[in-house]
Each structure stands twice: as structure tokens, then as C-alpha cells.
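Each of the two complexes below includes chain A, the first together with chain B, the second together with chain C.
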Partner chain A sequence: MRDRTLWTWHIFAGVVILVFLGLHMTIMHLNGSFPTFNNPFGGEAESWQNVAARAKSLFFTVTYVVMLGAALYHGLYGLRNILLELGPGAGLRRTIDVGFSLLGLGLFAFGAWVAVAVPGVVSRMGG
Partner chain B sequence: MADATLKQVVFHLRRYEPGKDRTPRWEQHRIEVTTGMTVLDGLWKVKELYAPTLAWRSSCRMGICGSCGMLINGRPRLACNTQIAELKSDVVAVGPLPNFGIIKDLVPDLQPMFATHRDLMPYLVREDVKEQEEPTGEYWQTPHELEQYLQFSYCIKCGCCMAACPTVATDALYAGPMPLAQAHRYNVDTRDGGFVKRREMLSGGSGPWRCHFAGECSQVCPKGVDPAKAIQLMKQELVFDLLKLRRRRPAAAVAATPCGKRREDIPAAPARTAKP
Partner chain C sequence: MESRAHPNRLGIRGWVGGGRWGIERYLYTLHRLTGLGLLTYFLLHIFVTSARVFGPETWERTMRSVEGPVFKGGEYLVFAAFAFHAVNGVRLGMIELGFAIGRPIEPVYPYATSVGRQRPLAIAVLMIAGALAIWGGYNFFFMD
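Entry: the complex of A and B
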């Protein structure tokens, strides 16, 4: 894929991270701001009831997966660029591209599976 | 009357002759500095008095040709455009521009830079080749359209920006600030229609995507050009093009000649004295 496309995705991923990190900071550190949305049981955002409620929410499952994808892509693309600037040969460049793609896809699949599986786990734990 | 001597300075000169020297070495020569003396003048004096084989590249002596780019006290500058007094130091360390090969002493090998520059088609690309070869009129441009590329057209291709760029220092495939800024200069010229052709090279790994926006290229440019800005604007153009958001425009057409009548209050041009 051309670097222009990769870089454009990199920027979009950065915007996604900015939005979702903002959301994370709001939820975790501004408890009183949106009580019915992020903190339905009141008290601390990290309390079991609130964590379980968020884990079972489809909205949060989707945001976890989107955030995971954006963060993985943004970070791995940046790391790839750092490695490419060390001047590897064409073969090694190809290896880096393929290796990072597989690593990213693998981590994304694992992380997405966790995000999707958590609601069931929480339900079984009585959350 | 002889110029007044201001002080003495020591020139530290990086000497290297490929094929003869294994590694570069430093030479020191003390000279007297006079009012208004440039580093280039100092080099001539050193060559005259102490080092007749010292090699560098220079031509116009007035900051126009871009030949005498050198690393002077750790910063890429034009030797002809840098007065020794403004360095505020008793030591003038002069080496060849970094990020280039060395032909000899202070002469960098600029060939790779110019090869990349040429690949990016730094000229007006148009469909009407015949009109370009045998022009029948002018391509008109508004002042606003001119301003989009004017500052980038002041580039003299001295290579100082390439020498200051941290990405060029580490990434051999990166095109570098000068060729990229010049590609942008023509991409935004309304007379040009070569964006699609340049896009092929610019979209790849050697294009502007490697730029970290360190901004050193703009800091050191002796002509006040802002290559870093050109590269960021180029990224924007290319991304907008990818997203189909770039406004496409045809290259400016030849302006119609004004109705063939000549105002009577304008005197006729003098007759040609030389045959074309």
C-alpha cells in the first residue's frame, strides 16, 4: 500500500485516539460529569458495579475495539517509520512491513476477542 | 586605502581527498579579518597564503547561485553570504555540507539531490507542448495565484536545507526538503498540469510522509524559503486528493491577446539591435 494511504490512516487513527482518550479521561476522572452514562451506580468510576455496567454496554464494547484498532495502527505505523529510517534494505523493509502487519492483526484479534468476551465473563461473575 | 583589520581568526578547515586520505582531517590557519569580510573571502585568503590545494565551490559571491553552501560553525550557510564578524567567534570552522558525499575538501556531491529534483519534474508540465515550444501568448495568473508558490520559487538549490534535515541524515530514500518544496512549487502553480504525474512519486515511501516537521530546513534557508511549510501543504494536497476532496483545475489557458488595438499613448518599443 502506498505511503500516502498509510499516512492518512495514521492521521485518522490519531484523531480517533484523541477523541476516545478524551472520553476515557472524562469517564475515569470526571465522575460527576455524566453520572447516568459512565457511572450509573454512583461512587467511584472504578467500582465493580460501574466497571461491570460499562463492560456489558454495547457502546463501550465498540469503543474498546475501535480504540484498540486505532492505537495499534497508530503506534505500529510510527514504530515502522522509526525502523525504516535506520536504512534497512528492500528485503528487510518488506519483512518489517509484513511482520508489523501480522503483529498488529494478531494483537487486534486478541484484544477484540477480549473486549467482546468480557460482558459474558462479567455476567457469569454476577456483575 | 586598505580595509581596517578587525581581528584575527583561526579557520578550522575540514580537508579530505577521496582516494588519497583515509579519513577527513582538520587544518588550522590564522588570518586577519577586515571589515565586511565574508567566509568566502576568508577561504580565498587561506588559499592564497597557506593552502593552495584547498577546494570549494563558489561562483556569484552574492547569494544568488547557491554554489557555496558549507557547514560554517555548525550551521549550513552560504559562505558568500556570511560575514565573519557576524559569527561572533575567533574560530571559523568550515566543513562540507553534511548528508552529502564529499568530492574534495569543502565540495559536496550534490548529484543525488539534483537527480531527485529532476525526477519530480521541476518545470511546467502541460498538454500543449507546441504552445510551450512556440508560445503565442501568455498564461495569465492572478496575484493571489502567484502568491501560492512565489516564496518557494526563491530557492537557489544550495542544499543547506538538505544538510540540516535530520530525516535526510538517516533515511537515504527520503527525497528531502529541496526537491519536495520544488515539487510543491509547481503543483500549486496554476499554469502547471503535472500534479498527477508527480503524485506517483510523491505518494511513495520517498515522498513527504517521512518528514517529521523538525523545521530545520526552514531555519537554515539563506533565501528565507520555508520548505517545511511546502511539505506540510503538499501532504494536505495529496491527502485531499486521496479523499477526493482536492479541487481539480485545468492548467491555465493561454490568455487571449487584447483585441489587436494598441493604445496611442504608449510609445512603440525600440527596434531590435540583435537578431534573434
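Entry: the complex of A and C
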């Protein structure tokens, strides 16, 4: 794929992250200012009750997966560009491209499986 | 991006020095450092938060293992890094699309450059990121 296309996706992924990670940071770390914003039980945002409540929402399942994919792509493509700036040879460049692609796909598969499986775990726990 | 015509002679040293650069060059360095920090945290975060798939006991045990002032301070640095990286990323995106740098003009002395034209935006980035970092710090350390 041409670098210009990959770069365009990098910027697009950045916009997606800005929206969803901004929401994530607000829920998880600005909960002092917004105590019940997507934390229906109040208190710690990472308490199991709040985590389970969010996991039951299709919105959060979908946005976790989208954010996971966007962040992996944006981060690994950014790191790839930093490494390629250092002028590696063609073989090493190929290794970086293939290695980062496999790493990204593997982590995406794992993280997406977790996001999709958790609602079932919460239901079995009677949450 | 690979550049065959202009090899990267300075390498990583070029991130911190190599010329009479303006504030934007150091925003570039900070953008890279915060990006690398966020990526490192994010890769670990994928595994740590996967504990929720094993149920409440595993989740609570995992959360207890990442408690304490060191982790709290680290989490705050991640928040502050995100605040800067996000706001500066918006500036970079705007410049990429041709906003905030002015129209092309005749090079008449005293020269007006696109870097100079976007300077107020760069200062605004620092102020907004700073305000977000202070707001986040208040939430982290005084409201949590």
C-alpha cells in the first residue's frame, strides 16, 4: 500500500482516538468532576460493578473494538515511521513492516476477543 | 516516511538539537516522546485490562496489583501525555490540511513564514494542554 494512503489512515485513526480516548479518559480519570458519567454505581471507575455495567452496553463493546484498532494502527504506524526515518536497509524495513503488521493484528484479535467475550462473562456472573 | 534524497544524518540526536529551531521543533520532539510513552502504556494496558474476561475476582486482584502512588503518578503522566499529544495532534492535522498557516505570498522582506503564522496556534496548544493537565491533576490527586 502506498505511504500516502497509510498516512491518511494514520490521521483518520488519530481523529477516532481523539473522540473515543477522550471519552475513555473522561470516564476513567475525570470521574471526580463527572462522578456518575458512565459510572452508574459511582465511586471508582474501575470497580467491577462499573466495569460490568459498561460491558453490558453495546456502545462500549463497539467503541472498545474501534478504539483498539485505531490506537494499534496509529501507534504502530507512528513507531514504524520513526524507525524508517533512521534509514534501515530494505530487508530490515520489510521485517519492520511485516513484524508490526503481525503484532498489530495479533493484539487486535486478542483485545477484540476480550471486549466481545466480557458481556457474556458478566451475564454468567448474574451482572 | 523514507527519504532517499536527504538521508537522516542526525538520527535520534536530531530530536533534541541540530539547529536554531523554534518552539515547534520541541513540540515535535515532545509529540514523539509522548506518542512512544502512550504506545508503551497502551500495549501493557491491553493485557492488564484483559483480566476482566476472567471474572470479578481476577479483575479486582489485578486492579489491586496496580495500586499505589507509583502507578497513580504513572497514570497521571499518561493522562498528561494524552492531553498534549491530542491537542498538538489537532494542530498538526490543521497544518497538514492547510489551516492556520496563511496563504502563499510573495517573499518580500520582512519575510512572513508559515511557521510564524501558526505560532499563536502552537502557543494555544501549550495553554490548552496545560489546562487539561492541571484539571486532570486536580481530579487524580484531590478528588479521587
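The criterion applied here is as follows: the second predicted complex is superposed on the first by the 110 of 127 C-alpha atoms of A that agree within 3 Å, B and C clash if a C-alpha of one lies under 4 Å from a C-alpha of the other, contacts with A are read in each partner's own complex, and residues count from 1 in each chain.
Following the convention adopted for this analysis, a contact is a pair of C-beta atoms (placed from the backbone, for glycine too) under 8 Å apart; a residue touches a chain by one contact, two chains touch by 3 or more.
None of these values were measured; they are calculated from a predicted model.
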(message) Which partner chains sit in contact with A:Leu76 here, chain B, chain C, both or neither? Use first/second/both/neither.
(response) second
(request) Counting touched residues of chain A, say whether chain B or chain C comes out ahead. (result) C
(message) Between chain B and chain C, whom does A:Ile11 touch in the aligned arrangement: first, second, both, or neither?
(response) both
(message) I'd like to know which partner A:Arg2 touches here: chain B for first, chain C for second, both or neither.
(response) first
(message) Quick one: is A:Val121 in contact with chain B, with chain C, with both, or with neither? Answer first, second, both or neither.
(response) second
(message) Contact-wise, after the overlay, does A:Trp48 reach chain B, chain C, both or neither (first, second, both, neither)?
(response) second
(request) Based on the superposed arrangement, let me know which partner A:Gly111 touches: chain B (first), chain C (second), both, or neither? (result) second
(message) Applying the document's definition of touch, where does A:Leu86 land relative to chain B and chain C: first, second, both, or neither?
(response) both
(message) Show me the chain A residues, by the header's touch rule, that chain B contacts in one structure and chain C contacts in the other.
(response) 3, 7, 11, 81, 84-87
(request) Report the residues of chain B in contact with chain A in the complex, numbered from low to high. (result) 167, 170-172, 202-205, 207, 209-210, 235, 238-239, 242-243
(request) Under the touch definition given earlier, write down the residues of chain A that touch chain C in their complex. (result) 3, 7, 11, 14-15, 17-18, 21-22, 25, 29-33, 46, 48, 51-52, 55, 68, 71-72, 75-76, 78-79, 81-82, 84-87, 93, 107, 110-111, 113-114, 117-118, 121, 125
(message) Which residues of chain C touch chain A once you look at their complex with the stated criterion?
(response) 1-3, 7-8, 11-12, 32, 35-36, 38-39, 42-43, 46, 49-50, 52-56, 59-60, 63, 75, 79, 82, 86, 89-90, 93, 96, 135-136, 138-140, 142-144
(request) State the interface residues of chain A toward chain B in the complex, per the touch definition above. (result) 2-8, 11, 81, 84-87
